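Labels run A, B, C and D following the written order; every chain starts at residue 1.
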Amino acid sequence: MANPGSGRKGNVVRPSVFRGKHRDDAPKPILVMEEVYKYFRRDVPTLRNVNLTVERGEFVFVTGPSGSGKSTLLQLVYRQHTVDSGRILFSGRDVSRLTDSSIPFLRRNLGIVFQDFKVVPHWTVYENVAVSLEILGTNARLARSRVAEALERVGLAGRGNERTETLSGGEQQRVAIARAIVTEPALLLADEPTGNLDPQLAIDILTLFEEIHEAGTTVLFATHDHSLLATSPHRLVVIDDGRLIEASQGLRAWSARMQSLGASHAS
Amino acid sequence: MANPGSGRKGNVVRPSVFRGKHRDDAPKPILVMEEVYKYFRRDVPTLRNVNLTVERGEFVFVTGPSGSGKSTLLQLVYRQHTVDSGRILFSGRDVSRLTDSSIPFLRRNLGIVFQDFKVVPHWTVYENVAVSLEILGTNARLARSRVAEALERVGLAGRGNERTETLSGGEQQRVAIARAIVTEPALLLADEPTGNLDPQLAIDILTLFEEIHEAGTTVLFATHDHSLLATSPHRLVVIDDGRLIEASQGLRAWSARMQSLGASHAS
Amino acid sequence: MEIWSALSRAKRGFRDDLRLHVVAIASLVVAFLCLGTALLSVENLTRIASRWSQTQHMTVYLRDQAKEADVAQLRLVLESLGEISKVEHISAVRARELFAEQTNMSSADLAQLPTDAFPASLELDLADGVPSARIEKIAARVQRFAGVEEVETYRSFFGQLRSLIDAGRSGALLLSLLVVVCVLAVIGNTIRLAVANRRREIEVLKLCGATDSFVRGPFVLEGVIQAVTASTLAMLLLFVAYAALHGHVESTLTALTGVRTVFLNPLTVLGTIAAAAFVGAIGSALSLRRYLQV
Amino acid sequence: MEIWSALSRAKRGFRDDLRLHVVAIASLVVAFLCLGTALLSVENLTRIASRWSQTQHMTVYLRDQAKEADVAQLRLVLESLGEISKVEHISAVRARELFAEQTNMSSADLAQLPTDAFPASLELDLADGVPSARIEKIAARVQRFAGVEEVETYRSFFGQLRSLIDAGRSGALLLSLLVVVCVLAVIGNTIRLAVANRRREIEVLKLCGATDSFVRGPFVLEGVIQAVTASTLAMLLLFVAYAALHGHVESTLTALTGVRTVFLNPLTVLGTIAAAAFVGAIGSALSLRRYLQV
């Protein structure tokens, strides 16, 4: 199951653009950012000179203070925004040079957990999760069993028929997670997926992401939650003041740095 | 400044219903819940037999697993929902027996940070914070200075003119906090106000709430964040399986209990 | 105080969704233009109806044996009546000729008709505004003169004509009503759209302790402003169109109907605008109800 | 496959906002009813116009010195022409009488008019459908006969009458156009409302990798379904109203205009419904554009 192109994806329609091209030379990284700059205001770049290479099958934490650009980084990958300079390669393809009509095919290879969930409040839980399979054209029977499985994995088994707006904050967040994982994407982008969950559930969800990672999916996990970072052995990158810092020396060194930064921030 | 009715509230219009009545006997609790039951599904109560007394000037943490009913508890106070049995007294008045037309006057005495922020995306940051003063009829000049002050306290000084939807998750959460505190309410209800903030900023916000609390405001703070609970000396109540448990024996005992509960939950 | 807040929030609403408001006003202008056209038709048809209902005619059929003197005397009497504006004598021969002209009948066929089918007659034109009761009285009196066979007052024909014009008028009225419903629907939908777009805003206001009237204020104002702007624009456009077309067709129209066309009277125009404002306000207030339950 | 998904999502859309859709369809029914009424007026006015344009008249004024024989010969010639359905001779005296009748002039005043103001004439009724070129040709030929002073073809009068009816018809057409614009506005706004209400849904679909056409599918379907339902209902209602009113006014109307009223022809009805479907689809697709930029 180490190859994300294999497995249960028989019913998943993926355009050849994003598949197979690099099957032979599997070590080619799934995501490469080269000298990425993003300006929302003319003078202050939100991201400056970001270089990041994520290999196939890696698990990368992204952290940093509020407003540092974590969400922006992920949004650049799924073309919610475009880079102002530099380039982003997904499976070797330059994301910022995709035409409008091929963006959907990029997104079908991604599983995205949005920071603000982006669930449809008046849909049922089932509909909210099934929508990403529906887009892929998965047949209804298979979709039903996979949605049920995904809901069970996030601890919402049997709640498929409730209207999503009646769920608690944490439950809605888990619906968003279920929607992202149900398609078994090649790359999972999770933006603060445990912000509304209690510590135990947060660890459960992290464990879930790790299981999915084991099965071959690459994971980019943006979070503030230091207790998650502390317990996991994964690679960690930190965004601060728009710059990306590789915390390869381990969490502790970075954490110390954070504390001092935080103290100056609070002044 | 111990009396929330005094201080800078000269411009705040508060109906006599919620003010003064108990000025003489100040020790009367600001919030009392008596045998509160709330059913969203016929068979399983979301809250069962909840009894809680919050004295004027107290700081109370509410915690519990995802979906346990923390938000529901707060929503019952500001009459988003009504109790199914039992009663809730705010300043001695039964909240569930208020007429529709007096609910606004109840809410004007509260500062509410919603779990999903409830900011208006196409308004500017300034407009989102000023709205609660506008409702109170505060004059424009005073409003400007108080909004500026509130924004500074949450670390968003000088960002009043940005459209709120362009802010990061954590920044939007801080806009919601600024809106809740700008009116200097008698009771502050904060539902997971640090879910999207980095640890340092979370502590800063907690400190802010503690300052406001010092100035005489009663605070009800629902959170998952155990690091916040660990560092604060405040009273802690736990909701689990719809029941409210007073964690008077200290955090540690409860935390141990949580761990075992969490383990069984994850099975 | 509250009105100022409502005004400034209404301004903010226009600013935030200018395009929507422009579309809304444009469609309202069209709707009001339809309404104005329908009202204009009703007004002018009413005038034609009242004019035509006054033009009346009566025929006094004479006996074959009627003496010349009797007829002359009757003529004199009739001409002396204020209600009768003109008297014409049609001989039996002329009546037969006229019938032939009207029916396009061959003279052979005509010859086969009995002679008493074409009696001589006096054709009377009645003055304007003679009530039908008076006409019946005159008819009854004339009936008693020597030489008079029968008096025809054409009640049924004029009744028919009047009912036709009435039908036209009520058609136009029905159309106006339809248009009013359409205007209501357009206003209603526009406001629903504006309200639905600002659901979040309303929710926030309510949760921060705003009263229903505080929330409603700017929406009602926006509804009124839209409706008044649109109806005023529509009335102006209608007047321009009326003035432009008027010169072209007025003379022919007057010749045919005997009535000069007029534009809507100023009271109707003002009334329409006022009604629009009212509907705009009520429509807004009603559309909000659903979202105020927070 | 995709069409089924679109259908099931459209069904979900109707389910989620049933009330909105009912309101939308209701206002569309009203709009289409207006359109149908306008079309009906245009159709019937057109028929009256074409009928009246065929009824024509010509007058041949005779010289005072015209010989009886010449006139009789001319009459014979004219009567032999297929284009002329009837010939009537009006003597100078009768012409004076007729004028007096028409103008209500006193005989004293009448006596002062010059004798040559009232020439004898032949009044010709023309058969239906004679082209005006042919009429002019006849007029030119008649002109050359002995005893003919002048030939009047009433081009200007019939021209005027036709232009009046044309004005009425183009008024009704203009109204139809207005109504079409109104219908477009109502459909447009309704769809915008539906789309704005489902902004979040569209955003989610786009972010999960749906193509624009996948997102558009159910909205276009909903637009078509609404427009077709509404226009069909409106046509049915219009027919019921027509059938109900028809009996009451038909006879008078026919007597006055010489034309039987008809309902819209089936092709027009089908065309309207098809156009509605088209507009519904295009309107939906266009309203979506703004929200597809995610």
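Keep in mind that, in the parts below, contacts are C-beta pairs under 8 Å (C-beta built on N, C-alpha and C of every residue); 3 or more make two chains touch, one makes a residue touch a chain.
All values reported here derive from a predicted model rather than from experimental measurement.
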| item | value |
| --- | --- |
| Chains touching both chain C and chain D | none |
| Farthest chain relative to chain A (centres taken as mean CA coordinates) | C |
| Cα-centroid distance, chain A relative to chain C, in whole angstrom | 68 |
| Cα-centroid distance, chain B relative to chain C, in whole angstrom | 64 |
| Centre-to-centre distance between chain B and chain A (centres being mean Cα positions), rounded to whole Å | 31 |
| Chain-level touch network, classified as line, ring, star, complete or other | ring |
| Full enumeration of touching chain pairs | A-B, A-D, B-C, C-D |
| Chain B residues within the chain A interface of the complex | 40, 63-67, 71-72, 115-116, 155, 166-171, 174, 191-192, 195-204, 207, 224, 226-227, 258-259, 261-263, 265-266 |
| Residues of chain C defined as touching chain D within the complex | 20, 23-24, 26-27, 30-31, 33-34, 37, 85-86, 88, 101, 104, 160-161, 163-164, 167, 171, 175, 178-179, 181-182, 185-186, 188-190, 192-193, 196-197, 245, 248-249, 252-253, 256 |
| In the complex with chain A, residue positions of chain D that touch it | 1-2, 5, 12, 16, 200-201, 203-212, 214, 294 |
| Complex contact set, residues of chain A against chain D | 78, 80, 101, 104-108, 110, 112, 114, 118-123, 127-128, 131-132, 134-137, 179 |
